[in-house]
Amino acid sequence: MKSLETYLRALRSTGRKALVPYFVAGVTPDWTQHVEAAVHAGADAIEIGIPFSDPMMDGVVIQEAAYQALEAGTTFDTLCAELATLSTSVPLIAMTYYNIFHHYGLERSTGQLQASGISGAIVPDLPFEEASDWMKASSEHDVSNIFLVAPSTPPDRMGKLASLTEGFCYASARMAVTGRSSDHGDGGRVVEGIRKFSDIPTYIGIGISTPEQARDAASVSDGVIVGSALVQIILNGGGANDVENFVSSFRRAID
Amino acid sequence: MSDPQTFMSAPDERGHFGNFGGRFVPEALMPACFELEAAFIEAWNDVAFTDEYHQVLREFGGRPTPITPLTRLSEQLGIRLFAKREDLAHTGSHKINNVVGQTLLTKRMGKKRVIAETGAGQHGVATATAAARLGLECTVYMGEVDTERQALNVFRMELLGATVVPVTSGSRTLKDAVNEAMREWVTCVEDTHYCLGSVMGPHPFPWMVREMQSIIGVEAAEQLRALGIDPPDMVVACVGGGSNAAGVFAGFANSSTRLVGIEAAGGSAVGNGSPGVLHGMKSLLMQDEFGQIQEAHSISAGLDYPGIGPEHAYLAESGRGEYFAIGDSDVINALQVLSLTEGIIPALETAHAVAWILQEAGREIPLGSTVLLNLSGRGDKDVAQVREILRAQR
Amino acid sequence: MSDPQTFMSAPDERGHFGNFGGRFVPEALMPACFELEAAFIEAWNDVAFTDEYHQVLREFGGRPTPITPLTRLSEQLGIRLFAKREDLAHTGSHKINNVVGQTLLTKRMGKKRVIAETGAGQHGVATATAAARLGLECTVYMGEVDTERQALNVFRMELLGATVVPVTSGSRTLKDAVNEAMREWVTCVEDTHYCLGSVMGPHPFPWMVREMQSIIGVEAAEQLRALGIDPPDMVVACVGGGSNAAGVFAGFANSSTRLVGIEAAGGSAVGNGSPGVLHGMKSLLMQDEFGQIQEAHSISAGLDYPGIGPEHAYLAESGRGEYFAIGDSDVINALQVLSLTEGIIPALETAHAVAWILQEAGREIPLGSTVLLNLSGRGDKDVAQVREILRAQR
Amino acid sequence: MKSLETYLRALRSTGRKALVPYFVAGVTPDWTQHVEAAVHAGADAIEIGIPFSDPMMDGVVIQEAAYQALEAGTTFDTLCAELATLSTSVPLIAMTYYNIFHHYGLERSTGQLQASGISGAIVPDLPFEEASDWMKASSEHDVSNIFLVAPSTPPDRMGKLASLTEGFCYASARMAVTGRSSDHGDGGRVVEGIRKFSDIPTYIGIGISTPEQARDAASVSDGVIVGSALVQIILNGGGANDVENFVSSFRRAID
């Protein structure tokens, strides 16, 4: 078992619901301070979005943030260098599109992730059928390979994903890209499905934008991922303080 | 690897053409891709379906399109040049072949709505057309920049009952329209088919679209045979995503014919690209050193795409297909030459292929060769733009 | 008089269809008319010539054009409606049939240049196209008002190598372009053929153009027969000069089919005209009490003509043909209905015929009738105009 | 023989070359005064152009004059009424397009021509093949029916035209509409052709615009017709005086 999963299983065993905020690397010069603020406010892990020119899975908010980050000159190399300066106790999980790693080289990518203190990766446009090279490379560098399960995923496929995912299983709350909708979606049903096949920690994400939604989602899962709502605060000019307040409110809601 | 029999048959079961292709989409879309693949295979093997597809293309789409001997140009160039006249198909290009097939499939799958991406608007107009014929709802995603550049095509789609949604993300052009269509598809896969416009995207699209366009090559091979040409020495087609090229190549893949694809110099995925993953497929892409996709820049909206269909990447890698690029200035000249000499104003996309032939007759194309040009579309959509360009030059 | 066998055969030797037709031109042009008549008769009876004409229309022109069953509209209207798809012919309308024939004849007569009149530019573009294919020089006369309204078509002709001459006399529209072309023809009959664009003008033009367009009706009759419809109850076509109507009627003249021509209300020579002489022919014309020709006013440039071909005048007088008129506002609606329901954006000219069918299904057209619509051209040329009109209405 | 021909033959027998100026009826309010001025300056007959909306045989000058005349409300009726006020000794010859007479009625037209003192008519778009009704009607009203012969007219047709034309035969100097060119054209050759078939007076017209051209043309024919050059003077605002000077200059040249 890779280290991320060991950590997250241990976390769950304490009865604590995991809170995983999402940041776009490089969106502002002080983005690493936002990460630290989130940790300070009670985040259990951090999702680090590596900006990609064509974020097919993302809604307008994260698209815009990725665009700003790229305009600011963010690359896989620069963001890894910045992460190396970060001293944080919680796991870091990369989230990006496959082309970033594919182009950089799979072996080289996973090596660099590991060297930068990143212990997991979510690659939403890489289904398991195409993932064998990636899984091999990530195994060599203790990078956990996290799969999403969607409301549309049929049972047999769910079983396969539940057995392959490492660290946790990402339960998509709804048939939508990031940042849409306001209810708590199908997350509970998806988590239920996954649990038929595996006892791996299961977090709900996609469209969780209020503490109330987070509470509902956490009540039927092992944790929640909060992305666009947080990124929006940063796009609006919010600083570390705002991030801390935002994350705290989610922390209180799910505890 | 170079046994002609191995080319342009079905991809492997996960949609690979050699090292390219596959299915790189969000998990939420995987079931839709499987459903589509199954439905396509089932329909494509059902004579009732393929009969209807052929009948609609005949009665509504204007097939078969003729082969025109380009007599005067042939004389000037010292080759025997023929054109497959996709410009005469309904809506003015080969795009109708694909959308007729996909909309029939949509109905067969019990879905009542299609979405599509479009660049200049050709695929959007074709999709709206085929949807109108069947009474399907239709939404077309189009980069905001393109909706402004091609306002008349937006209106055309609206006349045909489609809703056109301007896409404001990224470069606000075709590439972003594909992203947005994919995003939207995630939300409505239940009742909606994504009618992709070229041999790109996740499996089964590259294969399915090629199959639905292969009618071009099948017809052409037969028509040329009737003229005593079996096979021609070379087939030349422009390549954006690569659907017209794939369609015409399919008729000659298992022959000695040289298959030549012409990209826009500013959108040359074979010449300037490297392997990568975008829009659901692994293929050749124009990208920077960190894998960020570059914007293409071409005078012709239909070739303004940083990638190429995965089967073309495979044909290029294997050497079965040859790919060259042509710059904007040669394109305008080629459009003029074909208009003046043969009375056919080609689309700017097509004019890339014409330009290469004009340039290479007597060089890459030995004198006396028989050459088939796939005349993928008519230039009516482009004349306003060409007029501005020529005015600016004066 | 109503024996169907007597309709749409050759006119008398001086070019009369009943009381209409003939040859009313300056003496300087009479020899050219005789020369043309002789050349036409000789060529049209020479299988080598008609074979070439058919071959060029097949290989270059996109013939045969299909018959499309308009299924959804048929259901809505309670009739069985079919469309003969001249919109799919090269350059987008039936005009190509005539110009292919006339340019081949020009070459056969040893002339090296053609002149033509044009209104919206369809006939001009078609003539420039056919001339380019044969390497003939081409000059097109176009009313100055029209060159401004249709600047893109002017550019299209120029791309095809034609010289476009703006006509500044009179109303500076189609009628004046014909006058000017005739004036010019006087000066250059030696080496120049006047490629007239409709079934009008002096003998042999009305007959010759009808013969060259009759391929529409001959094909359609055969295609409908293959569908078990022999003959249809009604054939409906729009009428400007009347060439597409004459062409399609010719396939059904000697049957029980009702032949229906639809004029623009503002250019209705049958409805509002009286016998007169203009442009070399005796026919029905819109004129004031002193015989001054009135300007037509129609939303569609191709029907914006105060006269009608003499054979139509004869068909109207004899009762074999029936002629009705449709106003501008119904035309826009009809264009929208056909686009939305069948995925075909028709030319504004054609939309007149569509509008009449929409209006008369269940009235003049009994429910259950089989009706052939001659879909004379595509609407691409008109979408900018339609957009402006619909905008202004909002 | 109708009266016009009798008159013109008599004129020729005096050795005088005929000078026939052309006017567009109604182009200005005082157009009849121009006619009178021309007669005063030595015109032997006057061609009266009846304006038609679509003057296929005419160049830009006469087109423009016809347009102005129509705009001013000129009709066949008004111009005939005005001609009735004219007291002139020389023959008047109508020139117009067939539709004017056809629409007005052939019988009615020729009756009105006669009543207005017009003894001949040139209808350039009415070839003899279509002219039988017109010839019948004009015969009943002593209106001479004048045919044109063109440089392109073949010999047999020339013979036919020469035998049918009444009053004089109009030899077209060139393959062109009115008002073009500057040399003296093919008029001489055409006249020569006509004379093989008939001794009817033969006048050259179409494009005669200077006294020199008129002299050349008159030297090989029985007279000349001067149209556009004169109409241009009137379009330029010239009055009766200018007309008189213009016609006089031609008179002098051909005498």
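First chain written, first letter: the chains are A, B, C and D, and each begins at residue 1.
Everything below uses one rule, namely that a contact is a pair of C-beta atoms (placed from the backbone, for glycine too) under 8 Å apart; a residue touches a chain by one contact, two chains touch by 3 or more.
Computed from a prediction, not measured in an experiment: that's the story for all the values here.
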Using direct touches as single steps, what is the fewest number of steps from subunit A over to subunit D? 3
Between subunit A and subunit C, which partner chains are common? B
Provide the C-alpha centroid distance between subunit B and subunit C, rounded to the nearest whole angstrom. 35
If you average the CA atoms of subunit B and of subunit D, how far apart do the two points sit, in angstrom? 67
Among the residues of subunit D, pick out those that touch two or more other chains and give their numbers. none
Among the residues of subunit C, which ones contact at least 2 other chains? none
Would you mind writing out the residues of subunit D in touch with subunit C in their complex? 52-60, 63-64, 67, 70, 75-77, 97-104, 124-127, 129-130, 147-154, 157, 161, 172, 175-177, 180
Which of the residues in subunit C end up touching subunit D in this complex? 14, 22-32, 168-170, 175-176, 179, 182-183, 186-189, 274-280, 282, 285, 287, 289-293
For the complex, which residues does subunit B have touching subunit C? 58-60, 62, 65-69, 72, 85, 88-90, 92, 128-133, 135, 152, 155-156, 159-161, 335-336, 339-345, 380, 383-384, 386-387
